[in-house]
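In the two complexes that follow, chain A is the common piece, with chain B as its partner first and chain C second.
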Partner chain A sequence: MKRGVLIILIPMLFACSEDESPDTQNDNFDRQSMLVNWADNIIIPSYKAYENSLIALQSAKNEFIANPNISSFSELRIKWEEAYLNWQKVSMFQIGMAEQITLRDFTNIYPCDKEEIEMAIVSGNYNLELPSSRDMQGFPALDYLLYGMAESENELLQKLSQTAYSNYLSELVERLLFLSQSVIDNWEGDYHDQFVENLGSDAGSSVNKMVNDYMFYYEKVLRAGKIGIPAGVFSSTSRSDLVEAPYRGDLSKALCLSALNASINFFHGRHYNSNEEGESLKSYLDYLSTVSETQSLSLSIANQFDLSKEKIEGLNADFALQIQTDNAAMLEAYDELQNNVVLMKVDMFQAMNIRVDYVDADGD
Partner chain B sequence: MREGIKSYLQSTHKAAPLAAFRILFGLLMFVSLIRFALNGWIEKLYIEPKFFFHYYGFEFVKPLGNYTYLLFFICAIASIAVALGYKYRWSISIFFLSFTYIELMDLTSYLNHYYFISIVSFVMIFLPANAYFSYDALKNSRLAFEHIPKWSIDIIKLLLSIVYFYAGLAKLNSDWIIDAMPLSIWLPSAYDLPLLGEMLQKKWLIYVFSWSGALYDLSIPFLLFYKKTRWMAFMLVLVFHLLTGALFPIGMFPYIMIAASTIFFEPKWHQKAINYLAGILKISLGKFDNALKKIESFSLVSRLKLAFLGLFLLFQLLFPFRYLAYPGELFWTEEGYRFSWRVMLMEKAAYAQFKIVEPHSGNEFYIDNSEFLSSFQEKQMSGQADMILQYAHFLKMHYEKEGMQNVEVYADVFVALNGRKSKRYISPEIDLSKINDSFAHKNWILKFEDEISGF
Partner chain C sequence: MAKYLLFFGFFIALQSCSDDSDKPEPQPNISNPQFYIFERNGESSVDFSGQTTRILMAEELVSASKNFNSSESGLLEMYRNESVSGGDVDPFQDADLNASTKSIRSKVAASNDLFSSNSSESLEIKDFMESLFFQLEVEIYPNENQIAAPGQAGQLADGSSTRYVSPAGLEYDQLLNKSLIGALMVDQVLNNYLSPEVLDQNSNREDNSNKVLSDGKNHTQMEHFWDEAYGYLYGTSANSANPNASIGEDDNFLNKYIGRVDSDEDFVGIAHRIFEAFKLGRAAILANDYKLRDEQIAILRSEISNVIAIRAVHYMQQGKKALPADRNNYSAYGSAFHDLSEGYGFLYSLRFTRNADGEVLFSREEVDNLISKLLSDGSNGFWDVKTETLDEISESISSKFNFTLAQAAE
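Moving on, here comes the complex of A and B:
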């Protein structure tokens, strides 16, 4: 109704403003092509790569169960690592089906609850679909099975080849694959068009939602989850037990960098596994700065990303060790990540007029 | 002069415009409350959060848990009773109290137009809005008057004029006029509107919107007041509010302002509308069209009422200028910003990180705000100093209850205003838990280091 009125009114507005100076700006930023770039060149290819690495994990798991030995066990571990690294590239896309099924919560809640896991395996009585079982599954639970439930590699192999344990292992892998496939099916079904056609600027529009999700991921999952919480930023003492993949140990930095790189690539609109760039948050910011004449915010954000990356690259491969030996370096990395929260959540959100929530407001 | 005032106060006017206003007001309030409930906002804004921000001096007004629904229910029933003119004095009083209580429950959702509704409903308590076409007057012919004191209609016009004119004055600042801010941020993001969307990317059109918006607010009370320009003015009211309603998430506000501005019409229009309505409802207007004039008696009660309303209006005229008593940039400190008809003036984005320190143990850690605040509360708090302070005090209390001692609270806050780069907002070295809120200037707010000139 409101929009109908607008259509009638527009000629009136123009009629009385024809004598204004001619504008120089004709290149309208195409938000839809940004959404298309996100979906076709980043989100869907990332999910597919993730799915493929889970399929590889699935066959390694099957091979291990059929022939449990040192070589099939180490192959299983390698495939777990590859899938875990690929997971970091899709974790931020908690939108559409992934949001509905709370993919991230079922895939990577850490630390896992090892007592619950042991109890579940022994009793055979569990339901991985329940929200209460989130900390008994996904990559953290696999981390425990593959690295944590016994001291030596031989003991681990022995334990894992018992039927009760291998059944549980199998269910964890199958569930990860099942969840990822339901997300991909949804993107390949009607969600793709829904996503790229949901234009507009209200809280439910795709750009608004994606930017909010991206920010949430960066702030809570990456900055806090991977660095801040274990480094003790939010508690009185540091908590090296809260790093990602604690049983494996030397993977936490690689996981964090995989996640950070994915965030950086998304910001730049880089196609999956390529240096080609499409419409992105960066190019959107550059467009907006020509409208509102703000300084080059996109450059500040990109530089801040580089600084954060440098700091994290300098850390120990095992964040737990880093925290125990020199937590100051960890806190420095946190501060660099934090600086970009301000640049993005304050300056970028303002420039893009991102709405945090759907409530009336007459301009604060 | 004195005689002039007296004869003005004793002059009368057809009662129909005020009756029509009462009906429209009651119905719109009812629709607003239903809309609020259907959007799930009672739950989201008043039940779910763990902490609520208070208005200075109204610390005791808090949501009532599940009884909050009852409060909204009472308010909605009262609004219908107002529309019907059923036990009017009671129903408008109950409406005013329940609506104002709702607004005071959480500072987070402060809106100028909620404040407007509160003051209009407060003034309506003193007006004979049930003298015509009301249940009260139908049942009790002693209450029925065809004419009522003219001032009781003029006072609504004046309240409405203050809103517009002050909102217009507030737009006469360099951000709005020279930089076309914040519309340069807001309008381009409405790119998906049919036809207009693409045009909203053009700088010149954003200036047209800014300037005509200011001009509209400043002139519309006068254009509505003079008979010759009234129809054109009402067309402008329609265009302006429907356009802003389509562009911004401002809910019921456009409809309330459109409805309210009909009070400026000649009484024959209200009469026609009421005749039509009476026809549908099969109510004879005979009881109301009694040619009786309710004339201000100047009894003691009447004098007290008039004096009180006079003071109230004076207060309304002066209160928005209290910002002049504070140093610093108003948009930055927001000291004296609320209750001043500063509508749609700022785009403020902010981020606040709180640090808890326990000095004797050396314990310190940062706060995840989402543990205590909704995302809406966090957004609103982050850029407003008084809310930052309230939250800091809450955090101190919370952690001392958990066993920590002499907790100190620090905040690192960044604010970006009207397209400027974000900068630090308050001193991160100040223990906020030691500062008490007051009307005094908050000297721990850092300097704006830029200038916005104008009103």
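Moving on, here comes the complex of A and C:
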């Protein structure tokens, strides 16, 4: 009954607004089914998988600290890698508690500040809750500890066996786990219902917020952060030092592909770790019968995702090496990713009558 | 002489190829060059090295204010370029600045038109800057590693940046930086060097008409005053004869924000109009056309004042937009406070603006009221600011100008 009133009200409100945007707000697409599909089949299972991989990392860390040797060290590195890959599948969901605690900024700001990290370890004087400590923690700081702070595996192992270092290692892992759990607790508490029941089409509604978060992630974190910035798109020279996981070296492509696949799967509404699809941005666009040039917009976007993926798959496993040897290929991958910014941020947003709620930062 | 005519003719020919829409009316007997290049006896007659020096001093001062190893006394020395007891000091990184006898303080709120017979307000403004150094030392630096909250100084995240705010949410380094744009640059430009009273003081007009040069210099006094105004905008430009090639990138003061406003599609062209007015005004002085000179002054007053007002409204509106939906989520205030702190400085700078006719647009009392309003929605300053307050402040500014709140907001 309540919803009936709402549907009558919305067209009236819109009649007073500008005529330029297409009047799709009174479409009858079942936004709630989409929200339920997102929450139950994608977001929460992805966070759970991420949490599980952090629990595995925690065990490996505890084992390493108890018995530091080549085997426990190698296991620790493997668990770090698995958790880092799983992180890429939740990074885009910076909504609810994740937004409130700025999960992404405390988890994966790179490059990390190795001088600050060394100072913190030596002095024992640091507070990882401070915003200024964001580049001293998370996966990038672990990358430095596990791969970067000494030349050889033996030296790394030796250094990490010292109490000051192993304490810091431990705190980094525990903090990642703590942050992820506070997000999951929130989803399993009140937030799930808040999320799926916040219908409507205002800027604060779940669909509008999630689509904006998705777009922001795709544009800034994936396209720019993983490819564009290191490839020098935004600077006068290329910056191979700004790739993700620079100390490990050969993981940047895998991390990028994990992120891109997660973006693709979200667009299609694919359930976590499955090919089953539910209501999604794609089905919403199809419902609206949005056409771009000659084919449906959803197909254009899906095809563009495939093209981007193909380009990235052709790159070196180590983006830094790729940039140093053949940056043109990086730039081509960037261009393909950029093409989807246009299709989504302009055409898809317009079709769904969603306003972009973020701006390019002032930069000062 | 024929050589010069040929030279200027070349520039006029170049000009005719460019876009016609913004081209100044053709001026008989005025040689308006394409770039800000004026020469006499085969050498440049343009000199604004003193302005370059002060911009660079202000850059170092603002940069030092963000450094947690700084102290009140160290910042005071940079601001005054002398010790607290008046002795010689070397507070700057740049040796040329240490060698200079100039200081920032001596030109803050020091214009002829506003402050020559208003020394109490001048002193109040000079001291306002110094009070910021004290507050940095007692509120910001000792709380570097605190998380800010209402009534608690400390740090806040703003995107990937970290901001350091006072107990009321104020970023003092931003207040300092943006207030200097008004109190130093705009005041010196609009209320001093472009003041007809200053340009024409003593026998300046007669000397200029007869091209009597200042002792040992290659310029008349009037030409030099005009160039000094120019230098406060373009004194650190990559190419100061053609400064719009890099407008916005050459300092963190007026140049930067002319660039910012010009990059807004609602105001595109403002950088061009400002530069053209400076250039044509200088050419008019060379040609003894004082009416034309004063027409350029009117344009500069209006456009430079626009830059300050547009940014003031802009930051009030950006701050409003960035306030967190959940007002109890204290960690989410970083972006809003950064915007509002910049906005505070631009509000402070409104005092130094004037319209085309030369009327001063904001009295001390009006500016103080705007700032007090910004801070008085609750007991914790920015933490309590209401969106309606930000709209009211924005409207009371934009209503005095020919732009709308909406144009300035984005």
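To be clear about the criterion, the second predicted complex is superposed on the first by the 322 of 364 C-alpha atoms of A that agree within 3 Å, B and C clash if a C-alpha of one lies under 4 Å from a C-alpha of the other, contacts with A are read in each partner's own complex, and residues count from 1 in each chain.
We adopt the following convention: a contact is a pair of C-beta atoms (placed from the backbone, for glycine too) under 8 Å apart; a residue touches a chain by one contact, two chains touch by 3 or more.
None of these values were measured; they are calculated from a predicted model.
In the overlay built on the shared chain, the residue A:312 is in contact with neither chain B nor chain C.
Contact with chain C, but none with chain B, is seen for A:105 once the two complexes are overlaid on the shared chain. Within the superposed three-chain model, A:356 lies in touch with chain B and out of touch with chain C [touch as defined at top]. Once chain A of one complex is fitted onto chain A of the other, the partner contacts of A:202 are limited to chain B, with no touch recorded for chain C.
Legend: residue contacts after superposition of the two complexes on their common chain; A:131 is shown touching chain C, with no touch to chain B. In the superposition on chain A, contact of A:211 is made with neither chain B nor chain C. In the superposed model, more residues of chain A are touched by B than by the other of chain B and chain C. When the two complexes are laid over each other on chain A, chain A has residues 359, 361-362, 364 in contact with both chain B and chain C. Contact residues on chain B toward chain A in their complex (touch as defined above): 39, 41, 44-45, 109, 111-113, 181-182, 184-186, 188-196, 198-199, 201-205, 207-208, 239, 242-243, 245-246, 248-253, 342-351, 353, 358, 361, 363-368, 370, 374-376, 379-380, 383, 414-416, 419-422.
Taken in their complex, chain A has these residues touching chain B: 2-3, 5-7, 9-10, 12-13, 17, 20-23, 25, 28-29, 31, 199-202, 205, 220, 224, 228, 232-236, 288, 291-295, 297, 338, 341-343, 345-347, 349-353, 355-364.
Those residues of chain A that touch chain C in the shared complex are 100-102, 105, 109, 127, 129-132, 134, 204, 359, 361-362, 364. Residue ranges of chain C in contact with chain A, taken from their complex: 144-145, 147, 155-157, 159-160, 162, 252, 256, 318, 325-326, 329, 331-332, 334, 339, 342, 410.
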